[in-house]
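Below you will find the structure I want to go over with you.
In order of appearance the chains are A, B, C and D, and numbering begins at 1 in each one.
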Amino acid sequence: MEFFKGIGKISYEGKESKNELSFKYYNPEEIVMGKPMKEHLKFAMSYWHTLTAGGNDQFGEGTIVREWDCLTPMERAKARVKAGFEFMEKLGIEYFCFHDRDIAPEAETLAEYQKNLDEIVDVIEIEMKRTGIKLLWGTSNMFSHPRFVHGAATSCNADVFAWSAAQVKKALEITKRLNGAGYVFWGGREGYETLLNTDMKLEMDNLARLLKMSKEYAKEIGFDGQFYIEPKPKEPTKHQYDFDSATVIGFLKTYGLDKDFKLNIEANHATLAGHTFQHELRLARINGMLGSVDANMGDMLLGWDTDQFPTNIYDAVLAMYEILKDGGFKTGGLNFDSKVRRASIDTDDLFYAYIAGMDTFAKGLRVAAKLIEDKVFENVVAQRYASYTTGIGKEIVENKVGLKELSDYALKLHGIENRSGRQERLETILNNYIFA
Amino acid sequence: MEFFKGIGKISYEGKESKNELSFKYYNPEEIVMGKPMKEHLKFAMSYWHTLTAGGNDQFGEGTIVREWDCLTPMERAKARVKAGFEFMEKLGIEYFCFHDRDIAPEAETLAEYQKNLDEIVDVIEIEMKRTGIKLLWGTSNMFSHPRFVHGAATSCNADVFAWSAAQVKKALEITKRLNGAGYVFWGGREGYETLLNTDMKLEMDNLARLLKMSKEYAKEIGFDGQFYIEPKPKEPTKHQYDFDSATVIGFLKTYGLDKDFKLNIEANHATLAGHTFQHELRLARINGMLGSVDANMGDMLLGWDTDQFPTNIYDAVLAMYEILKDGGFKTGGLNFDSKVRRASIDTDDLFYAYIAGMDTFAKGLRVAAKLIEDKVFENVVAQRYASYTTGIGKEIVENKVGLKELSDYALKLHGIENRSGRQERLETILNNYIFA
Amino acid sequence: MEFFKGIGKISYEGKESKNELSFKYYNPEEIVMGKPMKEHLKFAMSYWHTLTAGGNDQFGEGTIVREWDCLTPMERAKARVKAGFEFMEKLGIEYFCFHDRDIAPEAETLAEYQKNLDEIVDVIEIEMKRTGIKLLWGTSNMFSHPRFVHGAATSCNADVFAWSAAQVKKALEITKRLNGAGYVFWGGREGYETLLNTDMKLEMDNLARLLKMSKEYAKEIGFDGQFYIEPKPKEPTKHQYDFDSATVIGFLKTYGLDKDFKLNIEANHATLAGHTFQHELRLARINGMLGSVDANMGDMLLGWDTDQFPTNIYDAVLAMYEILKDGGFKTGGLNFDSKVRRASIDTDDLFYAYIAGMDTFAKGLRVAAKLIEDKVFENVVAQRYASYTTGIGKEIVENKVGLKELSDYALKLHGIENRSGRQERLETILNNYIFA
Amino acid sequence: MEFFKGIGKISYEGKESKNELSFKYYNPEEIVMGKPMKEHLKFAMSYWHTLTAGGNDQFGEGTIVREWDCLTPMERAKARVKAGFEFMEKLGIEYFCFHDRDIAPEAETLAEYQKNLDEIVDVIEIEMKRTGIKLLWGTSNMFSHPRFVHGAATSCNADVFAWSAAQVKKALEITKRLNGAGYVFWGGREGYETLLNTDMKLEMDNLARLLKMSKEYAKEIGFDGQFYIEPKPKEPTKHQYDFDSATVIGFLKTYGLDKDFKLNIEANHATLAGHTFQHELRLARINGMLGSVDANMGDMLLGWDTDQFPTNIYDAVLAMYEILKDGGFKTGGLNFDSKVRRASIDTDDLFYAYIAGMDTFAKGLRVAAKLIEDKVFENVVAQRYASYTTGIGKEIVENKVGLKELSDYALKLHGIENRSGRQERLETILNNYIFA
């Protein structure tokens, strides 16, 4: 059965095409910096936003009706698998990501729920084999059900910790079974609502405990996918422990887990934390922890996670710049953690939205690659920091001098000359590469 | 010569007093939880805001004229010392904090500037002996002069790094000479304006280098005061590396410096980073890094550092709560990094402002102490997390179980029962303690 | 049938009481400034947050289970009426507010839905007669149903405008039938998601059209309650036309509706728009448009409407100050547009939460009244602006001079002397009144 | 004397040019939509940011040294005139804007200051004649001097009001003398710091009084340039009365001044108020009040006015779209109220920065014109709101129906069908026009 009738395979037709259901910039097999675009970008479909979201918000019910909504829970879950793979095939997307809860309906008991999961995973496995589509990462939803009202690993209730452990265990098994390249932890309820009732130390210790147990269990079952933590500062809770990249890196170091985890950076989470998307990627990169990316876009004037499809070219260029500088994705990819607007109620909108995101990132890749090939920023940086490659600067970076030597040096200086930072010029160059 | 004529010693007169130039809540020698209030609070005068600030802002010139403004630079510097000590004596403040640049005027050369510094330090030393007032911490201003346009330790210019090293060296020497209990690093320019021209890795490495050199030099000269880093997310730069407590803790761990530094937490910096003041204190506390406090208050609707005198009782209670729970200040104290409003142009306003801050924190201390004596939050927390003291919870915190054991446990659970978080009730209790 | 078993009438027991289910500050019949407290405060229960909310958020399902949840829709609706009146009686709350949709379940057709409404209104009417509790205001929910995806009066779909008109018509009739003292318009979807597809002019014209029609219909049916508009800047939509008080006042003037509407000011909406609660009240007051208040509190570090119960004493004092200066409420009151936190899952929490809000505002009233009786701010203001009561200042405010006369005057001035704004002193006085 | 040595006239060389000191997109005489680009864009140099700014910020001194800095005040003022006109000639900028205070130094007395002003205006007049460069608007700086600490027209001190009136009088005379096309009011201190000491009503009345007097005086001296108000929400004060476009429009209506003023919209002020630049332009446009534009860009993650040169293409396209839809500028233009970054310390940076802004807006104009020529958004809007051109929709907009008729209509509806808002598709189209 075809779910997206009337829409065929979306092809690259180039920027002159008038066909809105085509790619203008994303040409999967085109070679950029020695690799096909699709290998650079590794686009992934987010199961939740694409297949289960209905357009509800805090002040309103769902607006979006999908063909499978009328089915019984298990039939609906199966239809979603089929629809999802059809969707990915039509867009030429080769990866997907999911939460346990996205793919199978809840049940009365944990055992029953796990049975549901297994039944759906069977269907997914068949579709994966049929299509060659791969699992970028799996994860476990430990924030939607009321049992997680006080957190999952950070709940004040030990039973909830145990339940969470069980959920992660099963999700890891599924992810392994489906050959997932990674596994993500996003702790939407791992934080607090008020410090007045919170034992922050115990909660953070417990959060680390769950991560450690997960790593050990992964080893035990031979799952060698990459573990990621996805930072987000707040929402749903007032404060989340995985606030931003720097916080997570520090947390992992504190608990001796920094070798076992990388980061899954989301654009909208970056800005909610007060950072640019590029900042979060850069920080992860220079710490060797850039793992995967949740590609979306926030509204800079709104204080919540809007998860819009990414259409801002500046963000796409600078994100791809960081990813290329990191040597490209290893286990990770660009997962569209993006949802169509509540008013984008047609099925077609899903295609328009993914095309929007894919073309923006494809253009971003092209521009970033050209910037790197021309060494635009590399030359600027090399020149700007040249004083550290010789003389006193060299001695500083080689740790050969201390305050005394430097003070002696400074006392002999006849004035200091700084050079312009050239920000406006650099922004123009960036624009010119984008417009070209 | 008396600078603050017509204002005598500010005394505790209790809350019924109609004298605006008296303390209503701050009773220095009164015993609270076994210690005089003044030892709990350890108020410090900030040299810069109190003695050198003139009320200028980005859109306007200074509005505040002090008696010493008409003097020549060195005479002005000396007058400020005298005025500062008179001010502290009148308020009964026993500590102060300064930047090198606050106390002595710049000069043509570094050597000359250091001579200026020494001359003023002589005067400060005399006043300290005369009054018994102590130095809470010293620091070096490496952000105001144009040479720091690209940063100090993180400048792209190695000469600026050297200059910064020289400045820190001298500031450490002065701080040691004055028996300073600590030394603070606030890196107002240690960050970036645009990533397009920034080598973030080298800059962060260099920032760590300066810290390491400083620690080594301190050891060399026998300065055993506490080192602090003061987090701030942005302003003046677009992004500062010492973003918030979590970031700084992670940074210190990355560079192996976490044993050598504590945090100097500022209320207004906390909120600019998206955290409550209490959050930053709590996080520092549970990491054993709560060092000292810059007491002030921001305007939650403004996006810059307003450095207002702290008059919000909620913040004062919850800050004192964290400080008391940490066992009180060791080397640190409450430094009023607060400036009178640009329109508070009278000399009297300095007194009103300090009284405002001191009384608010004194009331805060009284309320926090009572909350702790009554174990209000302690009981709530103990009850809330009780499940971790027995059964499966105990096994979790004792690291005796893994995913498998927990999954087995969870599979047998017949539903999970959570208890109310009681936030509204706790907020009422807090109010009732404040109003009592 | 009793819904809140084990909880009796909440009484005033004074601040020494250890009974958490008592008022410490709210003493309904106590006379303050010549009027019983309850007449000053006119507390109202919000039907939605109190009786229909379940604790769901954007990332999670409802956590709160009420006794009536298991009933059929119409039985549940009736149970809520009973529970609501029992709740108000127990708390001594004399007013309530509701949306059409809160009280009766949706139906297949508009006609059927209106039948449901009538059936529930019958029950409400009986309860109102039985208890003497009154309707502060009614309103119509035109934002939750998917039909309002593009707005109600501002929808691009004329059928939706018509439907909205029908809904307002019925809601006005109900409000009149129940002797409502007012009727509120909150336009949660009256705004836009993107300007790329929006005819802003037509939408604003249509919004005004619905208001005008409503006013005319009210006249026709003899409803003489007060109309209010409730400003909110954003959420759910990206931009709402009723952004803040100033915007709404301007909008009403543009369409000649400013005589027919007042404002319903919500604390959390104020801060989302970048204003203090007091600012919005002040602006409404000096424009003669302070109508009613939605009493709640936001989290200043979160960018969405948290609708917390108001426990901040500063906001309560300053809000009551503005209300008292306005001569007190005429048709309006203090409606608790506040919801218990998602983790406050017990039925008791509803009582704790309302007590929190009522006691905070009662304390706020007491402090504000004392401040006014002592003319604290009045004297400050009179003195500060005294220059406008005489000489050139008097001529300015009497419009007797123009640029030329003022220039002549200024050319003769020998310097200008400004006096201190005294902000820190005023904040201390405010604190001292609160702590007293 | 040449100030910008080594830099010749900046010419249009097209996007393939490798010359960084050329325009890639701004081709002044090229015809777009029937008019030369330069007439569409009407670029203006801001005197202050370009000629008097030195790179100081709240935490640091000026970093930028200009050739004229060493001169005596009056000679410096004259040198700036020459430098400014040389700068405009080299860039082909045909307009400029200034504050009284930018062009001439302060003096002991008002009379003396006005003499200074006249002397400089003589020089400006000569340069204007020589070059044909025109004055877009003048204004008076009533926020920098300490006398304005409590406001100008809204000061609590009537002498300050008088002084402000004198300053406006003189500034109007100068603006008239120089044939200024407009006159701007930006009230940086027209607001409050704390409501505790503020008579908001009197202050707003007085603000309106100054505007009224100004209008009358303009009439008297025959100045028929356009008056503008420039909205800004805050900074330097906590709250400014001219918060945003909607607030200003409402304020003007309240005081009967809406026929006499238009708006000068600044991009960075828009975002500080929580709006997009396009939003503010659209609102002004549909109210017939779009007057002039301060072209710059803020940093969306910073809470203060960064006044960056505008290099964001999305903002430029959407701004030009609104301006074109308004029929283009009448009296107004695009004034670069933008300053080079504090680290852009070279003289060249001024050129790079202006080229950055001019090319971005030139590209923006080209894209906007194409979008309009192709009726991209016009068709979307026409189709989206088609229901208001016929049937019940037509009756609504023609005010022929009321609640009753609409209710009758709605009761007969068999379901409502909404169409997708298509946001993602529209964002893609916008991208495709930009990238093309």
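Heads up, the rule we're going with is that a residue touches a chain if its C-beta (ideal position, glycine included) is under 8 Å from a C-beta of that chain, and two chains touch if they have at least 3 such contacts.
Owing to the predicted nature of the structure, the values given are computational and were not obtained by experimental measurement.
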Study note, to complete from the structure: Neighbour overlap between chain A and chain D returns B, C
Check your understanding: In terms of C-beta pairs in contact, which of B-C and A-C ranks higher?
Key -> B-C
Point to revise | Cα-centroid distance, chain A relative to chain B, in whole angstrom | key: 36
Review point. From the C-alpha centre of chain A to that of chain C, how far is it in Å?
Key: 40
Check your understanding: Of all residues in chain B, which are in touch with two or more distinct other chains?
Key -> 63, 146, 149-150, 193-194, 234, 274-276, 301, 341, 343, 345, 418-419, 421-423, 427, 430
Exercise for review: In the complex, go through chain B and note every residue touching chain C.
Suggested key: 15, 20, 24-25, 63, 271, 274-276, 300-301, 309, 311-314, 340-341, 343-346, 348-349, 352-353, 355-356, 359-360, 363, 418-425, 427-428, 430-432, 434-436
Exercise for review: Give every residue of chain C touching chain A within the complex, in rising order.
Suggested key: 55, 57-63, 143-146, 148-150, 188-189, 193-194, 234-236, 238, 272, 299, 301-305, 341-343, 345
Check your understanding: Can you name the residues of chain B that touch chain A in the complex?
Key -> 109-111, 146-147, 149-150, 155-163, 165-166, 168-170, 172, 193-202, 204-206, 209, 213-214, 216-217, 233-234, 239, 243-244, 246-247, 249-251, 253-254, 273-276, 278-279, 282-283, 286-287, 318, 377, 380-381, 384-385, 387-388, 391-393, 396-397, 399, 401-404, 406-407, 409-411, 413, 416-419, 421-423, 426-427, 430
